Amino acid sequence: MTPGPGVIDLNADLGESFGAWRLGDDEALLAVVTSANIACGFHAGDPLTIRRACAGAVAHGVRIGAQVSYRDLAGFGRREMDLPAEELTAELLYQIAALDGIARAEGGQVGYVKPHGALYNRCARDPAQAAALAAAISAYDRRLPLLTLPDSEAERAAAEAGLTVVAEAFADRAYRADGTLVPRGQPGALITDPATAAARVASMATSRMLPSLDGLEIPARFRSVCVHGDTAEAVALARAVREALERAGVKVAPFA
Amino acid sequence: MTPGPGVIDLNADLGESFGAWRLGDDEALLAVVTSANIACGFHAGDPLTIRRACAGAVAHGVRIGAQVSYRDLAGFGRREMDLPAEELTAELLYQIAALDGIARAEGGQVGYVKPHGALYNRCARDPAQAAALAAAISAYDRRLPLLTLPDSEAERAAAEAGLTVVAEAFADRAYRADGTLVPRGQPGALITDPATAAARVASMATSRMLPSLDGLEIPARFRSVCVHGDTAEAVALARAVREALERAGVKVAPFA
Amino acid sequence: MTPGPGVIDLNADLGESFGAWRLGDDEALLAVVTSANIACGFHAGDPLTIRRACAGAVAHGVRIGAQVSYRDLAGFGRREMDLPAEELTAELLYQIAALDGIARAEGGQVGYVKPHGALYNRCARDPAQAAALAAAISAYDRRLPLLTLPDSEAERAAAEAGLTVVAEAFADRAYRADGTLVPRGQPGALITDPATAAARVASMATSRMLPSLDGLEIPARFRSVCVHGDTAEAVALARAVREALERAGVKVAPFA
Amino acid sequence: MTPGPGVIDLNADLGESFGAWRLGDDEALLAVVTSANIACGFHAGDPLTIRRACAGAVAHGVRIGAQVSYRDLAGFGRREMDLPAEELTAELLYQIAALDGIARAEGGQVGYVKPHGALYNRCARDPAQAAALAAAISAYDRRLPLLTLPDSEAERAAAEAGLTVVAEAFADRAYRADGTLVPRGQPGALITDPATAAARVASMATSRMLPSLDGLEIPARFRSVCVHGDTAEAVALARAVREALERAGVKVAPFA
């Protein structure tokens, strides 16, 4: 998928509260992003939280994505799990369907799928789980795009299944010279200053190059930029990114 | 809904295994019943189990129902829970949607909704939870009928919401003179002999009268008969019921 | 148990985070209270959160209580559940044991049991569940006191089982003329102003009378006062209560 | 730990039902084995099931072991999970404590720890998770032995932590020439014929050699033999193994 020149989608995770536990500021984020990766209940997101997030997304004209995950509330979906492909496919199909039904009850619909946390990372490098993910999307609706890392096993599996892939870059994560992310925990891995992140994303969006931690510029393919939103600072960063994109003449809009 | 003369639907619970734990003989039941109340993951039913049950139902031409429940794996949905209407509605909507999406992936679709266990009993007498159930169905698809006890709060709430209600009788539960069920645990509450149950249901279906434990005949309104299927004996009972109905000239077919 | 004159225990809920979700400020509360009702994993409290709360309690010399609950993460233990006495007893025994083992690994131990949320309310009025609770404590260690509402079924069941009962009053909940709590949601039910709560508790502790919403003074029996701590304001209120008690010459100390 | 000549412990998994779902025949197994690996609630085993299994073990004089697991009811603990050592230790400590408290309420106590399923396999080869397991045992009670595979990372980590290790062999799994198990799913991996298994274990116990699938004899170090018991056939196999051992003059008794 070749991105239109100067058009960028901004995506963030939403609906990640669970019961009495609150996480993130969904309302604030919905005023900033164009795509909402809404939790589907397996790593976060009870049904009422999901329903409110869908209603909010519809009200703000934000595209709804199914943020599917391993079944792991205790680990917030951040722990890789080995499970048979057939089982993983069924687990993901269940989540997409549940979210889509709720979204439709609110006048919206699921517009894409994005794996969460450990599933995202695993599907980036494991052809078997990537194929299971693609199979779940195909089983539900083969018109749904997969939002994921470019040049990943997830991208390959989705393409092989005839699905549309939307590539994304990260606003607040540093890249290595080979285009992969600097692992969390290493120095410089996370960009927390709003102004720095904003300038970086504006530059990325206009040049289509990713700045590596070593100072290299890596040619990049992406149609969406992921921002995080689970802290007050993160919402400020997301806002700064959006404003910088608009000042740079980049149109901020959901992918088609 | 006035039942057509001599047409009876047979419904049973399916898809109630979970992970390594097996419960019921789905394959055997699918050869007997015309409607399958498939668990939706909240009291039983992992997604792969659900998917297989849906595939089986489609293969056998059996109608798929969403057997929605409280969120209670440890209690198999048999414990009443107090939760706000808005929350209950969202929990049930989530389940209907998840099941319908899986059913559609297998070439079927959810054709009705039936509450499970404690939710069934609670909605029979609690207008607030009954309304929350009706709201969930309305939010998802107001053409979906509710399968439930006649003359219950569930029936009233569904009718008020403009939903279709399908009334059911029980093949293997004794009735009191007022048409309510003899509570489990009381003498005579459960009918376990296949021949007895079969003769009883055939009589009920032709006379539209329920035999009470006291020997009375109670006028009855039902379009479906519920059989249980979680033991080998129960499958034999279900088979005997179906054969007796057919011998009595009653057509066994799903409701429209 | 007759309270010593002028000695009050302050208890609050701790360890109520779960995985990625944070709730309450355990560290701040541990500097204020003398007894910590630590969640046991059924309504909140993953094992690492529990372990840290135990370590903190030991470090601050705060008594550890087992805050046992229904199995209900999604509802934060706030939904009443019907379950057989034998099953409830086993569920509570499991929780007390788990917490005590973790407390002992940190050099402490469980010093009392307090039911959480809906279980607290249910055991206050339901003799069957109250007896199941008392049975769990007896099975684990009959020297453990039960911290609960005075004149409740929980108190009666514990006394019948030969257990010690410690009665509590509430710092931030209004009372009715009959000594019961004004239900949440009614006007005046919650006291949120730290100065008001502090003055009220100091008066209660010296007079042993509860001020009712109608302006009556109700004789009261309590050895502990419960403060809430799940918001920044609540921690400020707890601090104000403690300071007011100390200014009034009341000793703030755990019960024996 | 040098095994006494001609003394073998027989261990099997128990307490693996959950709520409405039954698994295994605990009562039958308790008449055969000398050590019961009782599930602790994370992969299986609700508290009432656990309590009954403990009561049964005490009644039969069978030693109780804590069969600790990843938190994974849906996967029955058969899916490897990556979690930080500190978190894993807390999760395992919680389980050991919960089981020990219930065992003590029934007049018994936890006598050893054995990891379940994927945790067993992972700890056999991953020093970090093995150390987390050893840390949990040490934190609870350093006199508790670890029952596990000889020459594994689990054995090494436990030894380093100063814990006792009890090595086990498998009655119904084939070995490769290097002493490792033939993976499930490969031809010959599972021994299902009771007579074959019985003869094999009797030979192993007297010769202290494991017969490999290639016909080699591998010197073996084990004090316990694991039998499975989740099917009627498995109970028959366990019985045959015990009878063969006794006929061969091997004493079947728990380890000290």
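Labels A, B, C and D are assigned to the chains in the order they are written; within every chain, residues are numbered from 1.
Keep this in mind: a residue touches a chain if its C-beta (ideal position, glycine included) is under 8 Å from a C-beta of that chain, and two chains touch if they have at least 3 such contacts.
If you're wondering where the values come from, they're calculated on a predicted model, not measured in any experiment.
Identification of common neighbours of subunit A and subunit B yields C, D.
Of all chains in the assembly, those touching subunit B and also subunit C are A, D. Spacing of subunit A relative to subunit D, judged by their CA centroids, is 42 angstrom.
Separation between the centroids of subunit B and subunit D, computed from CA atoms only, is 42 Å. Shown for subunit B are the residues that touch two or more other chains, namely 46, 74-75. Across the complex, subunit D is touched by residues 71-72, 74-75, 79-83, 118 of subunit A.
Within the complex formed with subunit B, the residues of subunit D that make contact are 17-23, 44, 46, 73-76, 78. Residue ranges on subunit B touching subunit A, taken from their complex, read 41, 46-48, 50-51, 86-87, 90-91, 93-102, 104-105, 139-140.
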